[in-house]
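Okay, structure first, notes after.
Chains: A, B, C and D, in written order; residue numbering restarts at 1 for each.
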Amino acid sequence: MQPSSKVHLYDFEVASNDAVGEKVYRLVMRSPELASELRPGQFMNVAVPGDASHIVRLPFSFASTDPEAGTVELIYAVVGEGTRRLSEMPAGSTSTVVGPCGNGWDVKPGGRALAVAGGVGAPPVIAAARALAEAGREVDVVLGAQTKSRLWGEDDARALGAGEVVVTTDDGSYGMRGFTTQAMEALLARHEYDLVVTCGPAVMMAGVARLAEGAGVACQASLERMMTCGFGACSTCNVAMRAGGYKSCCMDGPVFDASEVAW
Amino acid sequence: MVSDVSMAVDLGGIKMKNPINTASGTFGNGWQFEGFYDVGQLGAITTKGCAAEPWDGNPAPRMCELPSGIMNSVGLQNPGVREFVRSYGDYLQGLEERGCRVICQVAGHSIEEYVRALELFEELAPFASGFEINISCPNVSRGGAAMGATPEAAAEVMAAVRPRTKRPIVVKMAPHDVAEIARALEAEGADALSLINTIPGMAIDVRTRRSKLSRPTAGVSGPAIHAIAVRMVWEAHKAVSIPLCGIGGVTSGEDAAEFILAGATAVSVGTQNLVDPTAAPRILGELTDWAASQGVSDINELIGAFEC
Amino acid sequence: MVSDVSMAVDLGGIKMKNPINTASGTFGNGWQFEGFYDVGQLGAITTKGCAAEPWDGNPAPRMCELPSGIMNSVGLQNPGVREFVRSYGDYLQGLEERGCRVICQVAGHSIEEYVRALELFEELAPFASGFEINISCPNVSRGGAAMGATPEAAAEVMAAVRPRTKRPIVVKMAPHDVAEIARALEAEGADALSLINTIPGMAIDVRTRRSKLSRPTAGVSGPAIHAIAVRMVWEAHKAVSIPLCGIGGVTSGEDAAEFILAGATAVSVGTQNLVDPTAAPRILGELTDWAASQGVSDINELIGAFEC
Amino acid sequence: MQPSSKVHLYDFEVASNDAVGEKVYRLVMRSPELASELRPGQFMNVAVPGDASHIVRLPFSFASTDPEAGTVELIYAVVGEGTRRLSEMPAGSTSTVVGPCGNGWDVKPGGRALAVAGGVGAPPVIAAARALAEAGREVDVVLGAQTKSRLWGEDDARALGAGEVVVTTDDGSYGMRGFTTQAMEALLARHEYDLVVTCGPAVMMAGVARLAEGAGVACQASLERMMTCGFGACSTCNVAMRAGGYKSCCMDGPVFDASEVAW
C-alpha cells in the first residue's frame, strides 16, 4: 500500500472576524475547497501574517463549514501573540491555510451520545454533536467555561435540538457552578450512553476519559499538541500511548480513542 | 524565467537533476508532500533518521518557537529500518523512478547500531541512491554526547560504516569544529558532507523554571541559524574537497544561492518545509532564475564562487 | 510592581546593585545613553573593547540585518587606552560614584598587547571596578584565529593578565567549547566569565557574489542567538563555580531571567540597546518584577534555579 | 570636558503618508519635541512596526519641520522591506523615533551657495538650501533623478526664490538629460560660489566633491551608511577619512567636509 496525503495549501480570505466573548473570537474564512473537504474533528494550520519572526502556523479546529458559501467557521481564544494578530485580521485580508489535517471524529449512527467541551474545545465538539445528531443520535451536550463571558457554543448546542444542554462555569457566573466532569457524572447517572466525545483542557479530558471508562462507554477525545507542520512531516506533535510509544497528534489524531491514550 | 542553465549536480556520486534536497526530519519520508506538489521534481529527498530497531523519541512537548526559528527535541523517533522499508519502500522506489534521488538517513547510539542499521538498509532498500550518516545521535555509552563530537569519534563511525556499502555515504555534521571533523571524515572515505544539523539551544519557562520542552536542551533551526550555517559550509569548503550539502534556514532561492557560493554542491530545505509546505519547488525555481541571472550555463560554475 | 526583592549581586568581586550590565561594543562608553535615561541605575556597564594603542577597525559596511538579528564587523575600532581615559575617564568616574560599576574591556592581538593594555588601564583608570578580557580578538601571529580559541590559548592569556591587577577579571568568552575553556580560565584565576560573544556568520550578496560586509565573516547577535547563549551559560554553570554574566539576545526581563535560571549572576543587554535605547532599565524593571513573582527575597536564590 | 548626548527616544504619530512620485513618499509625523529640536542636516532613526524579525530602525533625513504644528516632513523612497512597511503606515498609526541624530549642516551666512541633490538625497539638501537662503545667501539648486516620476523637491526649491533651479534626469524625461554633475559644471562656469552642499548616491557626491575641490569651493556632503543605533554607541557607521582612520557617520556626520572624506 502506498502512503498518500490529501493535505493541501489553500488561500483564504477573512469574511468576518469578531469578538463573541471575552478574548473569544469567531472568524469566518472563505476557502471553498477547504470548506468542502473538512470533516468534523479535522483541523487546519493557519499562517497569521504580521510578524515574520514567528514562523510557525497556528492549528485550529472548526465549528462549522458551509460548503455552498465556501466558508469555514473558527472559534478561537486570544492566548498569545499569534492569536492576538489573528484577531486583528480585518475582513477582506488574506493568507494561507494547510488542511484538511487529521482524522476527524468517528460519527457513525448509534445510541445516545454525550459531548463534553471545555473552553475553546467547544468548536470541534459542537461539530461532532451536529454530525452525531445528523446521524440520528440523541446527543446531550455539556459546555464548560471559566466564566460566562468566555462561554461559546450554547446557542449552537441548543439549535441541535437533539438532547439536553448543560452549561457549567468555574465561577458560577452562569449555569451550574463547577466543572464539566461534575455535570457529566450527573448525566451518566441519568442516561445510557454508547459514546462520549470530548475536547478541552488536558486535565478535563483526562477526567472525562476516566468517567467514560468507569461507565464502560466508548470515548473519543480531540487532543492538542504543539504542532509544526500539521501533516505528518516533523514528528513534533507526539501523543504518548498507554500501550507504550507515541502516535502523531496531527495524523493519527487529533481525535483518539481515549482509552488508548496515556493521559 | 525559462532557463537553459544546466542544474544537475553530483553529490559524491548521488546524481541529482538539480541541487535541491530536503533536510532529514523535516520532510517526513516524502509522501506527506505529494498533496502539495510533485515531489519527483526535486533533486533529492533525505528521509527521517532511522535506526536498526525502533526508537520512541522524547516525550512531549517537542517543539517551541524562537525568534525566526524553532527548537525541537523529537529525539529521532523512528520505526526501525524493517518497518520503514515495509511502509515507505514502494513509495520511495517510485520516487527514484521519477528521477528524484532518495537518500536514507542512518541513526545509531553506538558504532554497532550504525553498522547494523546500514546492513539492514543495504539488504532491504535497493531504492536508496545513497545513505546519510547522522553523527549527531547521542552516544549511549558516553552519557549522551553526540556520536561524532570529536574528529576521532567521527572518524571512528565513518571507518566502521565505510566497508558496509558501495553506495555513496554522506555524513550529516553537527555545527561544531566543522573544518577539523570534515577533514577526518574525508580521510575515512566519506563521499560528501551535509551541514549543519540543528544548533543546541535552551528555552526556559521562567514561571515554572523548567524547560519549555521535555529535555533541558534541544535543537535550534530556521532562519535564525542561516548565516551561521553559511559560514560553516564555507569553512568546510576550505577544509575538504568532497562535495557539500548546505543546510540551515533556507527559505528562498537567495538563501540557497548563498550556500552554493560558499561551496555547497546541493542545498537542503528544512524547517521551511513545515511552515510553507510548497517551499522546496519554489526555492528550486528561484535558484534556477538566479543561476540564469549570473550568466552561467551550468550551476556547477557557481559552486564556491564567493569572492573575497 | 514595587518590590522588596534584594537585587544586589557579586560578579566575582564586582559588587553590582542589580544584575543588569551592558554588553561591550553595544553601549558606547555609557554617556551616549544619558539622553535616554539615568545610566547610574544600572548594575554595571562594560565599555567598548580597548587596546593599548588605537585600532582602526574594519572598512564599511560593518553591519547587515539578519532575521531577528544583525551581523557586525566593527573589528574593535578603539582609540587606545590613553585617549579612552582622556575622553571618558571623568564621565566613568562619575558613573561609579552614582553606584553603577564600570567594567573596562581589554583587547589585544597578542599576549603582550593584552598585558600592555591592562597595565595602562591599571595606571590610568582608577574608576574601573574590574576588567573584562575579550579573548575573541584575532591573534595576529595565528592568521586571525581568536586569541582564546582553545583551552590552552585561553589559559595562556589568563595566566599573563592575572598578575597585572588585583581588581576582578572577567573573561569574555567566544561561543565555542564553552565548558572546557571555562574550566581552563577558572583554573588560571579568572574571577568571572561573561558569555557569549557574537557567533561567527556569513552573509553573501548573491548578485555580486561578495560578502555583504567588508569581511567574509562577521558576528551574529540579537534575538536569533538567545537560546544558543542560554544553553552555553548552562554548560559553563555546570563546568565552573565562578560567577557568570549571561549575554546574547536579551530583549526582555524574561530573556534575562532565563540566563539567571541557567546559572548567570549578571546579565548584559547588547544589541537591544542599539535598537531600543531605553531597553536596559526596562529589562531591569521586568527582571525585578519576575523575581518578586517567584516569591524570593533575594535574586541570588534564583541563580541556577533551573529545574531539570 | 564631559561627553554628553542630546539624543532622545520619542513617540510619533503619522499625520499623513502619501505617494508623491514613483515609489517616493512624503510622510508627515507629529512629534513636537523632535520637531523643535531638529536642525537641518540632522536625521532621525525610525522604528517601523509590522515585522519583528527586522530589528533595526531606519535612518531618515527630513525635508522640513514645523515646530508650531509639532510636525516633521520626511521624503523617502521605497527600496526594500522596511521602507515598504513604512509606506503602509496609515495616518494615526504610531511608533517611536530616535533623534535628533548627527551634526547638521553648517549654514552660516556668506556668498552664493550651490545645493546639489540626487534622488532622495533631496530632503536634507532642500532643508540646507532653505536655511542658507534664510541666512541671506543666494542659493542655486540642482536636483537630479533617474526619471521624472521619481523626482521630488522642485516646488520646494523654486519656493526658496533664492537662485536658479536646474533639474536633470538620467533618461531626459524631464529637465536636462544627464547627471547633476554636468549641471553643476555649467553653474560653476557661470557663478562664483563659496559653498556647495550635497546629498545623493555616493558616486554622485564623490563627483560633486571633486568638482568643488577643483573649483576651490568648500563642500559639505551628507553621507549614508548602514546604521544600527544612530547615536554613537555601536561604531557600525564608519566613514573612512583621507587622513586615515574612520569617523562616525551618525555622530561626526552625517554631514562631512567633503575634502576630509576618503571617497
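One rule holds for everything that comes next: contacts are C-beta pairs under 8 Å (C-beta built on N, C-alpha and C of every residue); 3 or more make two chains touch, one makes a residue touch a chain.
Remember, predicted model here, so these are calculated numbers, not experimental data.
K.L.:
With centres defined by CA atoms only, which chain is the most remote from chain B?
P.N.:
Relative to chain B, the chain whose C-alpha centre sits farthest away is D.
K.L.:
Which integer distance in Å separates the CA centroid of chain B from that of chain C?
P.N.:
Between these chains, centre-to-centre, one finds 34 Å.
K.L.:
Please tell me the distance, in whole Å, between the geometric centres of chain A and chain C computed from their C-alpha atoms.
P.N.:
Centre-to-centre distance between chain A and chain C: 48 Å.
K.L.:
How big is the gap, in whole Å, between where the Cα atoms of chain A centre and where those of chain D centre?
P.N.:
The answer is 56 Å.
K.L.:
What positions in chain C touch 2 or more of the other chains?
P.N.:
67-69, 223
K.L.:
Considering chain D alone, which of its residues make contact with at least two other chains?
P.N.:
Counting only residues that touch two or more other chains, chain D contributes 52-54.
K.L.:
What's the contact topology between the chains, one of line, ring, star, complete, other?
P.N.:
Its topology is that of a complete graph.
K.L.:
Given the complex with chain D, which residues does chain B contribute to the contact?
P.N.:
Going by the criterion above, the answer is residues 67-68, 223.
K.L.:
Okay, in this complex, where on chain C does chain B touch?
P.N.:
66-69, 71, 199-204, 206-211, 216-217, 220, 223-228, 230-231, 234, 249, 254, 257-258, 261-262, 290, 293-294, 305-308
K.L.:
Quick one: which bits of chain B touch chain A in the complex? Just the residue numbers, please.
P.N.:
Residues 25-29, 31-36, 48, 54, 56-57, 59-65, 67-70, 72, 74, 77, 87-88, 90-91, 94, 222-223, 271, 273-278 of chain B touch chain A in their complex.
K.L.:
Could you pull out which chain D residues touch chain B in their complex?
P.N.:
Chain D reaches chain B through residues 52-53.
K.L.:
Would you mind writing out the residues of chain A in touch with chain B in their complex?
P.N.:
Residues in contact with chain B: 1-9, 47, 52-57, 98, 225-229, 231-240, 244-246.
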